[in-house]
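Before anything else, here is the set of structures, which you'll find just below.
Paired with chain B in one complex and with chain C in the other, chain A is shared by the two complexes that follow.
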Partner chain A sequence: MSKGFRQSQAFLHTWSGLLLGWILFLVFVAGTIAFWREGLNRWMRPEIARVEQPMRVLAGSQAFLTGKAPDAKSWIIPVATERSPGAQVFWVPQPKPGEERGRRGRRGRGDTQALIGADGQVAQARETRGGEFFYRFHFDLHYMPVIWARWLVGFATMMMLVAIVSGIVTHKKIFRDFFTLRRAKGQRSWLDGHNATAVLALPFHLMITYTGLVTLMAMLMPWAVVANYADQKTVFATLFPTAAAVERTGRPAPLVDLRRIAADAERRLGAPASFIEVSDPADAAARVSVSQSASSMLSSRTPRLTYDGVTGRLVWRSPPPGAAAETAGAMIGLHAGRFAEDGGRWLYFLCGIAGTLMVASGLVLWTVKRRERLPDPSRPHFGFRLVERLNVAVIGGFPLAIACFFWANRLLPVTLGARADWEIHVLFIAWAIAAVTAFVVRPARVWPALFATTGVLLVALPVYDVVATERGLFASLAIGDLMIAGIGATIVVFGLAFLLLARRVARHRPAAKHVRNPRAVTASKVLEPAE
Partner chain B sequence: MSILSLLLATAAFALLGLTTDAHHRRRFGKSPQARGRRILRTGGWLTLIASVVPAMLARGWIFGPILWAGAIMAGAGIAFLALNFIPARDARR
Partner chain C sequence: MTAGDAHARARWARRGDIALRVVAAVPLGYATASLWAMAIARLLPGDRAEASVTAALIALALCAIAAMWAFAARSGWQAIWTLAIAAGIAAAIAWISIDATGRL
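Up next, the complex of A and B:
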């Protein structure tokens, strides 16, 4: 390969990585946390007990909905598991005559949903988005129209793919060098760290970026769909087939016990069920559809069974998906890692951290590389200052904002209106304050301050949980609730890591060249006698 | 079985890591000879290939490759941390 080509790739790597690096950082952080989305859904509702008997929750859900919304158009009941905070059931009321069906923004409103707890009764829990926030944020961002956010994230993801491939081409020695970590050597160390986090989890990075694009493909590349289908409904009908709809008869009939249907469906599917949808309950034409859980297979396009709601007879089962749909489904499944049990989740999580560190170290590397070449280091040019400050605001500020989000979850009064929204507002307010500080105060002061605050807030969280909630670390361990205990322990570990980082950064003295060189030489004597 | 796959992958990357000048010298006190390096490298690659087998046995053809990809990432990570952060017992110059 010619030198010119490699240099052009280096240029591409630098700029494709830098321009959208901050968005990629947010996506990586939120997406990594979202691997524990179910756990966080429970952790952020500490009043709710763990589900021990899923079928009891299902029976409770049916009893509740029969009393509350017998005439609904449909009920949607997630099948509770040990991982879920009970079952968040919701129902769709009969459309009023003249009202258009399927209006947006209906779903998730408080008046048509309820949380059924482990004992089968309606549970009172604080209003929160829980782990869902991180999941949505990593592709929808926040405070902006979803479609813009997805375009932005989609574009950033494409740039990421460009950065990965050009990075491999540029640093031809990454595979040979990847066992090397030269510590305390300024730019070299940053480069080694960037390199190691990139190459160690390279299969993951390629997979997560590529499959991330696949999840957005219908939006990014609509042409195949536009060319083959006249309207959106046909596309959905093809991709997500359902049983033929039946007319409501108006004759009342009791609904079969959903537990029986769930058991039958699980036997036929050979896997746990995830969602039960009941259309026209309490009518002679009632239908019950059961979807297979995505935890049991790679593809996220899970099969469905539909039963007659009165007799409990199986009336329809979804046809096997086409090869292309199956492939797309498998890729989305691979991206979300829903098939993975706890060990696999940890691996996904660790790889996500590696990705986060890779993006962060890449962003910092941009400034480290250029600082030494500045004509006057005390007064850098505008572009350098902008990148430097944005790095502080995003890499230092966003983790702090997340720590504040967790605290808001614990401290905001339960009676507060729009409480779930306020938790998120707190996150962004904290982040805004951090960002403003980053632009006003010198980075050398802000870095350690932000990291130290984040560390203290995170370490204090599980302490607060032990003191003020029933589900502290020890109580969770005592009943063997490893998910909640694990989240608490992980938060402590992260808090300590942030504190160490703060100390390290605070002690770092970016001395002038003639001072640093001797130290670098001694360091190499100690650490790397070979060189 | 999945643990075995992880162990094999870790061993493979440790062997491959020892083929580099820096690590070889740090652990054994001298640069690798051409022959020693070839043995280490071949051994590393063979062990890496061998780690596919238990992954497939553990999870079959669909999840096996995913497990294996996870195992080599984790193995490479462990080998990387071990080579760089475990102090050399006898760090001769």
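Up next, the complex of A and C:
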């Protein structure tokens, strides 16, 4: 590869990584945490008992919905597992004449869903989004229309792909540098750290970025479909086939026992079921569709079975997808990692941390590299200050905001209206305070302050759990609930890491400025060889 | 003309060049990848839905390649005209093919 090519890609790497790097950091953090979303869904509802008999939850869900929403257009019932807090059921009311079909928006969410606990009754639990918040924030962000957020995240992801590939091209000594870690050498150390976290999990970074684009493919790249189909509905019917719709008859008929359907579906699929959707539940035309669990296979396009809701007869079975659809489904499955057992989740989680550190160290490296070349280091130019402060606000502030989110989950009164929303508001309020501080106070003081506060809050959290809840670390270990105990322990480890980081940053004294050859400075200003 | 003027001119020329490359990389790169998605979706044999999914999967990579080329090209103008030609070829393929056999 020619020197010119590598230099051009070094420039591209620097800027494609920087410009949306802060969004990438948020996406990486939220996505990494979301690998434990089922665990967090339980951890954030400490009053809920662990599910021992999933079928009991299913029977309870059916009984609840039969009483609550017999005339609904459809019910959606997730099949509870030992990992889930129960079954978060929801129903879609019959559209009133003149009303738009369905009611899917944020409004009125509370009155069309309920959490059915381990005993089959509506769970008496604090209102929270739990781990689902991180999952949605990962691609929907918050406080903004979902479609904008997805385009923004999609665009940032494409920048990430460009940054990764151009980073590889730039990197001529990829293996030698990987085994090089120069400690306490200023810029060299940052560069080595950036390289190590990037190269260590490089296959993961490439995979997660490309498959992330695939999850948004229908939105980002609809043109391949447009070329072949005049009506996009046709292709969706081909790619995501469903049983033929039946007209509501108006004749009431009792619904078959969903446990029987689930057991039959699991026998036919040879794998656990994950979602049960019932259309026109109390009608003679009721249909029950069962999807296979994504934990049982790589592809996210899981097979579906549809039953007659009155007789319980199998009426439809999804055809196997074509090779390309299966490939796309496998890519999405690989991205979400739902197939992975605990060991695999840990691998995903650790690689996600490596990705987060790669983005963070890259952002910091941008300032470290330029600081020495500033004409007057005491009065840096606007761009430099902006990047420096944004780094503090995002890399230092967002973890603190998450720690506050967890504390809000523990401390907000259970009776508070819109409590789940308030947990999230607390996260953003804490982050806003951290961000304002980052822009007002000198970075050298804010970095350790934010890290230390985050560390203290995280370490104190499991201590609070031991004292104030029945699901503390030791109680969870005693009943063999390794997921809850593991989350508590992980939070402590993260808290300690943040405290160490705070101490390290607080003691850091920048190396004495050596005067460099001014001509060399201007020459190297033009391009950014990242070697 | 002083050395300072020459320096400032070179800086503005470089900024203009980078602006052209950004235009080539982002809007033009996306348009080129999208048109190739259409062309590939038309050219691939077999099931139409399968062809469309394959083409979209490839086009995502083309987006990144176009952006890299926009910065690897000798100049911003070269990036623009090469990508425009690539987009034109794809547009012609897609248009002729759709005109000939229509869409579903």
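Of note:
We take it that the second predicted complex is superposed on the first by the 500 of 531 C-alpha atoms of A that agree within 3 Å, B and C clash if a C-alpha of one lies under 4 Å from a C-alpha of the other, contacts with A are read in each partner's own complex, and residues count from 1 in each chain.
We take it that contacts are C-beta pairs under 8 Å (C-beta built on N, C-alpha and C of every residue); 3 or more make two chains touch, one makes a residue touch a chain.
Just so you know, these numbers come straight off a predicted model, no measurement behind them.
Steric overlap between chain B and chain C is absent once the structures are superposed on chain A; the two fit side by side.
Touch counts on chain A: comparing chain C and chain B, the chain ahead is C. With chain A as vertex, the superposed Cα centres of chain B and chain C define an angle of 80 degrees, given in steps of 10. Using the contact criterion defined above for the overlaid structures, shared-chain residue A:P203 touches chain B, although it does not reach chain C. Contact with neither chain B nor chain C is seen for A:A244 once the two complexes are overlaid on the shared chain. Legend: residue contacts after superposition of the two complexes on their common chain; A:G322 is shown touching chain C, with no touch to chain B.
In the superposition on chain A, A:L347 makes contact with chain B only, while chain C stays out of contact range. In the superposed model, A:F339 makes contact with chain B only, not with chain C.
In the composite built from the two structures, the nearest CA pair linking chain B and chain C is 19 Å apart. For chain C in complex with chain A, the residues that touch the partner chain are 14, 33-35, 37-42, 47-57, 59-61, 63-64, 67-68, 71-72, 94, 98, 103-104. Taken together, the chain A residues at the contact with chain C in this complex read 5, 8-9, 11-12, 16, 158, 161-162, 165-166, 169, 210, 213-214, 217, 220-231, 234-235, 238-239, 322-325, 327-328, 331, 526. Against chain B, in their complex, chain A makes its touches with residues 176, 178-181, 183, 196, 200-201, 203-204, 207, 298, 334, 339, 343-344, 347, 350-351, 354, 528-531.
On chain B, the positions that touch chain A within their shared complex are 2, 13, 16-17, 20-23, 25-26, 62-63, 66-67, 69-70, 72-74, 76-77, 79-80, 83-84, 91-93.
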